[in-house]
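Just below is one structure, and these are the notes that go with it.
Per-chain numbering from 1; labels A, B, C and D assigned in written order.
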Amino acid sequence: MTTIGEEDDILLYLDQRRTYLVRVEEGKRFHTHKGYVELGDLVGKPYGSPLKSSLGVTFYALRPLVRDRILKTDRRTQVMYPKDTGYLILRLGIASGSRVVEAGTGSGALTCALAEAVRPGGMVYSYEVRPEFQRVAASNIDRAGLMPYVELKEGDVTEGIDEEDVDAVVLDLATPWLVVPLAYRSLAGSGVFASFSPTIEQVMKTVAALRGQPFVEVETVELILRRINVAENRTRPETLMVGHSGYITTARKVLGQTS
Amino acid sequence: MTTIGEEDDILLYLDQRRTYLVRVEEGKRFHTHKGYVELGDLVGKPYGSPLKSSLGVTFYALRPLVRDRILKTDRRTQVMYPKDTGYLILRLGIASGSRVVEAGTGSGALTCALAEAVRPGGMVYSYEVRPEFQRVAASNIDRAGLMPYVELKEGDVTEGIDEEDVDAVVLDLATPWLVVPLAYRSLAGSGVFASFSPTIEQVMKTVAALRGQPFVEVETVELILRRINVAENRTRPETLMVGHSGYITTARKVLGQTS
Amino acid sequence: MTTIGEEDDILLYLDQRRTYLVRVEEGKRFHTHKGYVELGDLVGKPYGSPLKSSLGVTFYALRPLVRDRILKTDRRTQVMYPKDTGYLILRLGIASGSRVVEAGTGSGALTCALAEAVRPGGMVYSYEVRPEFQRVAASNIDRAGLMPYVELKEGDVTEGIDEEDVDAVVLDLATPWLVVPLAYRSLAGSGVFASFSPTIEQVMKTVAALRGQPFVEVETVELILRRINVAENRTRPETLMVGHSGYITTARKVLGQTS
Amino acid sequence: MTTIGEEDDILLYLDQRRTYLVRVEEGKRFHTHKGYVELGDLVGKPYGSPLKSSLGVTFYALRPLVRDRILKTDRRTQVMYPKDTGYLILRLGIASGSRVVEAGTGSGALTCALAEAVRPGGMVYSYEVRPEFQRVAASNIDRAGLMPYVELKEGDVTEGIDEEDVDAVVLDLATPWLVVPLAYRSLAGSGVFASFSPTIEQVMKTVAALRGQPFVEVETVELILRRINVAENRTRPETLMVGHSGYITTARKVLGQTS
């Protein structure tokens, strides 16, 4: 049984809408509008343990998952939703040992999810042109303990990708079509290209670029997630929902010309 | 650069609708309506290589990903769609080293995806009451090379789960609500419960059962995947789509009573 | 060409988000944060005419359609969305001359849409138990000029429907299943029953009640409306959308037992 | 109570999937794989009446609604779905007395729905360049008894619209953007433009054209209809659904320039 240690991150759970990603330290108080909790009291306790606040309200100390880190990431950039991240990773077919190129790093949320998927033995090479984002990303990735599986690269991916023979290239940037020929060169045969784009014009240009290279299984999808409110005699899909985050385009590299 | 070896599985690609999961063997011919291909010719070539059929049609030898294996699984049971599998794995938060209980095994498609996520160092304990399904699953898992990360267990999961302190319990069976108390006991604190159910009545009963145990973050969602046909002046969502596969309900175990 | 007259309602349009349903009167000023407009200036002008505010901002005087009145209705009750209203009216098959029973009246938004569909020669008999809603509805219906086609009835529709041989019965209330046998009696042969319900439990009970009477073509649907933001290089479905308003259940009465 | 007369159309209902639009005539037998029925037996009976086939199977004689005629229309062209037609009519705001221009007529399905909405006192002017479609449409409209409210016009609407001061213009053709300036001229002030297009490129061009004229409330939506299978312990959205039919773009004419 894993117990909570000094310096571990926990996800402090109050209710369905309020959770806090905090670091456990002896003597550290975490203040909320429901009173403060003594984080040091958690040391040596199992994950999932309750913790009473000074006002007698019960919190729970959950073990942070990558999905929690995605949602807690400093949001200077728009973060990809878990629905899209999960599908993307499955489509990429990456797993322990895979080598992946990502651009742009943004705040590092997708980077963390990719690193978690390829560890141990794999590596994520993540490009970002804006140093201020890279600093945020480095902090997020480090906090998640995933830095051993990530190489942060400052640079414009449209000018070149250093890595060769990689298993996957993932793009979340404004002009993915410009990167398509570089991605083709960087990928191993049968490697998977993926791009996430909010607008249909980006998709059109990216698909046209993919069709200009030897790629097969070019596919564009969008995922719509509906939350269902389940309660006796009041069960129904939620009233307000996210209607659109972006389109996911994927393709696989083949060698030689496609007819 | 990985090259194709004797006895390797490849995904033989003809076009968007026609792919074949076949084993490479010297001297083995694979016959299609577009002529036959000599699979032995692929040995030593890189993945992604083209292969001409006897009728001059080009095929490509792709490296099979777990998503391909999911779709090629012997379908005596309904198989979970990649959209659902990807989301499920991200919600479960499992990765290399995780220990997961699954029930039922079915044809092993989800088992493969889970095993791929937890390898190396992790383990999937998969329960199935019907021996004939277990045999199919064993064959699929073995072919994918994932048997080291799977323990197939013949038995009715509603009667007991042997494992303790597991990171996740995943259910894809007709009466998930009966398993909720057993899943609670099997899970480590902060561990994740997930259930996939086609009908809303199953969801209602499962959510009611989860609310009767110390679980937090009880959530039910459905994922809708739309394919977009992208072609100049003809871009549009596809006409016919899968409207519903199932609902995904997840929750996290906490210790002690939730208020 | 119809021109705007004294005492006519107009929909004063400022931009995509701001429109105002106002009555034209000589000497009446309508104040907005963009200055005031002299409504009397519109008399004798064609619909669609521009009108400058005191701050030089252009407004337009649109002719109010039923859909505008639906959205401008006093919202003490939740109002059915145009997507649902349009489908409902087509499913009901009502047109000029039809006789329709409605319950409950609510704020009269659906009543207006039904009355507009059945005029002239038709009639909407609308039941409401709460007198305070009926007063609001009467005002809305009168303002739309549709009172000649509506009979407002104060009473509990679960206790009886006075009308016979009607073409359609439409329910938007909490317990539609209680009204099903009464609706059957009130409908002419081949008449259409429709019910709008936000929750799936209401739908389940209503469908079960319909199956207990000689109804055919029992069908439940939900309509999802996505707005598309169309703008050069930024075309995409809108980010936030209404995920669920309600389910629409319809059926047709036949004579004698269904097998 | 209306009874079925000689020469009336009825919708002969067998089950959820099998209905037949037939004309009642004395001595006419209608043959199905469930035996034949004597249509003449229905004369003088109320709509909704049962009718036994020669094999003892019960059929029901429903009164055909416009939605039935839409689905039974000769389908040489693709027919607009009821979900789209209902929304369109509500958006157009047309009712008894309205004057509407439509192009193209196609097989007349939408024409019937529009005519049903504007009768009596209104008129649908429907343009079609292909005489063979116009003949089919004339037959469908005549059979529905709606010819008094329709003027079929053979001609290319992109070359001109004869009518002025109309309440609405509805387009269901391949190049709606070419018609936008003509539609503007034909519409009365505050009149509504609507266009139905399967592809996003058609939408983009149409919206661009609308923005080049004094139109306000330019809006593009798509409607997704999900059928729900409601049955005890098996309630769920249907598995296969229509994922996309088309986009509906609407706008209202104002006089003078929009800023």
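Heads up, the rule we're going with is that a residue touches a chain if its C-beta (ideal position, glycine included) is under 8 Å from a C-beta of that chain, and two chains touch if they have at least 3 such contacts.
It should be emphasised that the depicted structure is a prediction, and the values quoted were computed from it without experimental measurement.
Note on connectivity: the fewest steps through touching chains from subunit B to subunit C is 2. We define each chain's centre as the mean of its Cα atoms; on that basis subunit A and subunit B are separated by 21 Å.
With centres defined as mean CA coordinates, subunit D is found 47 Å away from subunit A. Here the CA centre of subunit B is 44 Å from the CA centre of subunit D.
Counting only residues that touch two or more partner chains, subunit D has 200, 226-227, 232, 235. If the chains shown are joined wherever they touch, the resulting network closes on itself as one ring, and no chain has more or fewer than two partners. Contacting chain pairs (ordered by label): A-B, A-C, B-D, C-D. Here subunit A touches subunit C in the complex through residues 198-201, 226-227, 232-245, going by the rule given at the top. Against subunit A, the residues of subunit B that register as touching in their complex are 1-2, 13, 16, 46-50, 58, 60-63, 65-68, 82-83, 85-91, 93, 95-96, 113, 116-117, 119-120, 165, 188-192, 200, 203-204, 207-208, 216-217, 219-228, 230, 232, 235, 247, 249, 252-256, 258-259.
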